[in-house]
């Protein structure tokens, strides 16, 4: 562990980590890839706002409305700077990453749209990959069904990498949009954005990144990445539920048709027509998740104060240790890269002859070790590997090597139970 | 009577040594059921003889210990009973599983299947326990038609 | 005031009501129609859940996941029983009322849809009204533009009532859906649902109610109303931001195509196709607003414990007093019904020769009275009355006659400043 | 120097007794600006004479005291100055309004318009104060072409 990174101090910020589970088990939370825990700093900001400063945003001219508006818009500033957005107006608050992905999908092939880049019909193609989360698959399937466009995808190699061998056949002049994960929520794989983007640019396609698993865990700079759209979600980044983020280049937000209609997203409304507010408000219909955005602002403040480089280094140390220790468990097979290059702090595996549901339940029941079991909303990826499910341990800034030891002890016990 | 842990000795025993596993002839109906959320699956055949007696329940499948043990216990409880008797067990088992751990099981009806009572407290696992039983119910209905 | 309704005790539940504004002004919050304040009971449930019980729902098999899932689904039970839904599965959690309205609008004319009731194209008609909130106008305008259908609307009488004189010409065999407010957020008018519904049924049209301003304020029973869809929003009902509700008849939720795609809303996913979970999950893509739904569950528990009949009676008393006292302010003109019949606790008005922005600002600056000024997201209604804006006072269970006195004192002062 | 309240005596004075209100001939350019979120609107005419001197700024409009007083003050400050001088005022006024109350106004440039400093603390009202000034800038640009 790096010396300046004091994980014990960090753990004190997360109230739940001191919780005793029924039966006196301590909690070993290795499910942050599913959803992260929240520091007191975030919880307290939300409580204080709800208790003493809450009013609706944008519309109100009184003290409470002004305080909420200021805090809400300040959260936008914080998030913009956290991901290196060239402008705060490029940050659209959604309810989660899934809404952000759907928002972009609904911009295509919409009869209201007039921009050629977002026109879509039979003959046009959408490219995703076999390692995507369902939230980066189903919106595009629905889009293809609405418009008659064709959905295509990258396959995944045995090592759990994006198979780019047919990049040029897959991404072609027919491609309108490429949308892939920045980091896989199952394999831990970090995808080679630059190579795919270069090809997308060559053929004039737009490119979206599902950064749900990268933004919480390492420095992400949208300008440096150079893509067109990026989605992530608050609850995986030490923030509350109910808040997600779409970042998109200002010029694209302007070109896209509105998605949800309602209060706040308009400029002027007549019965028979409306004009729309400039982005980001154009895409924030209705009362937004005010306190949730404020909570996310506190979360990125918290993460930035710890340091994203330091968090990434800490997780790299954890995953190195985990791969080494898990490698010693008989019958255990890691699904995904077993080296440290281009991979994050998520390790999925199978245990020979034992179903992940049984693994997860016994780890929880007897050791208080919380992992995720199943297909992790990435069923096609599991189909690709010919397995119905895996067990997944995913790490965050508050995890320790001792927790990995607890996981490994638990796995040995699981093997004994089902021997 | 409701167990602390889900993993009763009896469940583990049936999982490790499944009874009546394998698909056999003759049969009146064959069904294939899948639990799409977790991928558990089962193929089940039922042979009903004269007088509505269940002569054989044969099956094959894959999944967690709960779903596999449930199929094995089901094989034992149903083979040799009459169809109405077995449907009463299905009904009581379903009631137990959907009771969120609040239902007092009827041991006289359930026999060994009472060992699954602990599963009812884990909503995510209830479907595993029910997979074989739902398949059985389906197969019996088809065998009658 | 009714004797069993102890408003002083209720006020103690709302931390912000004891707040002193800058300059020592007490807070007089008359903007609950915009967004309500939250009782400590709601704030505390959220804080406790975030601190000690938080995990992702549906997917996790560990203690925290089970606790969150149970609390989240229990919130659905509470909301279902609060609005008299025949089944808990008819309650879809959204991020706000606007999303609920858009969700239904996007079900129409969707190429994926196969149910004739949701087919829409040129020649089909959508009927709304001139008194709608933008969130019940713009989604239908966008739908009309996407499909070529025609948007039509009820006009509003000088008294601020829905003009039903042309009901039979407006709602015809061409009408696919009628969507109107249960209670106007500007006028306070409660609309005659049964009459409109009878006509909708006659012609085979579906009917939606925007109940954002009714559910928080009086007993609402969806089964008794007999409509097809109903939307409301948590933040106006003593609940948190970031959570809304769509109620719809089970059979319709089943018939509707999916809206947002992603995790949680699926049954099984292959790269080229998916099957969907049954409602309500079919419409809850991605990680839902977990803690927000739990907060809303606590809010409806709170409201139910006070009693919705009692809240409605209290507000009726307040609006009676307000109409009487405001009537004495020279130059003040109420926009909307001046009687108590079929009206809720919202009073909008103009003050002759003084712009509402100036009214609102001085009420806030010098008296701590928080009202809303502007068009309240109902610009067409204001156009209909030939005014750019109004000042609106809206009441809730925690308001008192003394606060109405403070408003009236403030208005007299406003008149002096601009005399 | 930044006022506690938005409603400075000077603003109320201009609101109650607007200077130069009404549309007059001759003019080089006429513009109509609307603030769609609150409905404030203004019609403004500009007459620029020889040597770039602003000879008349005439206007009509409706809206809140801030937007109406701003137009009146603008009339006073611009009439008789040169176009470049007035554009410097527009610039400084805009900077002040968008400063969220954090900007120290340059009184030498702003003159009476400094009374609006308090408005900058109320984001919802900034657009009201700027309406006339944006219309003026637009009109001047058009009058030159």
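Just so it is clear, A, B, C and D label the chains in written order, and each chain counts residues from 1 on its own.
Here, a contact is a pair of C-beta atoms (placed from the backbone, for glycine too) under 8 Å apart; a residue touches a chain by one contact, two chains touch by 3 or more.
Predicted model only: the values in this text are computed from it and were never measured.
If you walk touching chains, what's the least steps from chain B to chain C?
So the least number of steps between the two chains is 1.
Let me check something: if the centre of a chain is the mean of its CA atoms, which chain is farthest from chain C?
Following the centroid criterion, the farthest chain would be B.
Round to the nearest whole Å and give the separation of the Cα centres of chain C and chain D.
39
Measuring centre to centre with CA averages, how many angstrom lie between chain A and chain C?
31
Rounded to a whole Å, what is the gap between the Cα centroids of chain B and chain D?
81
Going through chain B residue by residue, note those that touch at least 2 other chains and give them in order.
37, 122, 124-125, in rising order.
Chain A: which residues touch two or more other chains?
60-61, 268, 357, 361, 374
If we use the touch criterion from the header, which chain pairs count as touching?
A-B, A-C, A-D, B-C, C-D
For chain A, which residues are in contact with chain C within the complex?
So the residues of chain A touching chain C come out as 15-16, 19, 21-22, 27, 29, 31, 34-35, 37-38, 40, 42-43, 46-47, 50-56, 59-65, 95-99, 101-102, 105, 110-112, 130, 133-142, 145-147, 151, 153, 233, 235, 240-244, 258, 260-266, 268-274, 285-292, 357, 360-361, 363-364, 368-374, 376-377, 379-380, 383.
Which chain D residues qualify as touching chain C in the complex?
5-7, 12, 15-16, 37-40, 62-66, 122, 124-125, 128
In the complex of these two chains, what residues of chain A are touching chain B?
Against chain B, the touching part of chain A is residues 355-358, 361-362, 365, 374-375, 382, 388-389, 417-418.
Which of the residues in chain A come into contact with chain D in the complex?
60-61, 66, 69-70, 267-268, 275
Residues of chain B touching chain C in their complex?
Within the complex, chain B touches chain C at residues 36-37, 122-125.
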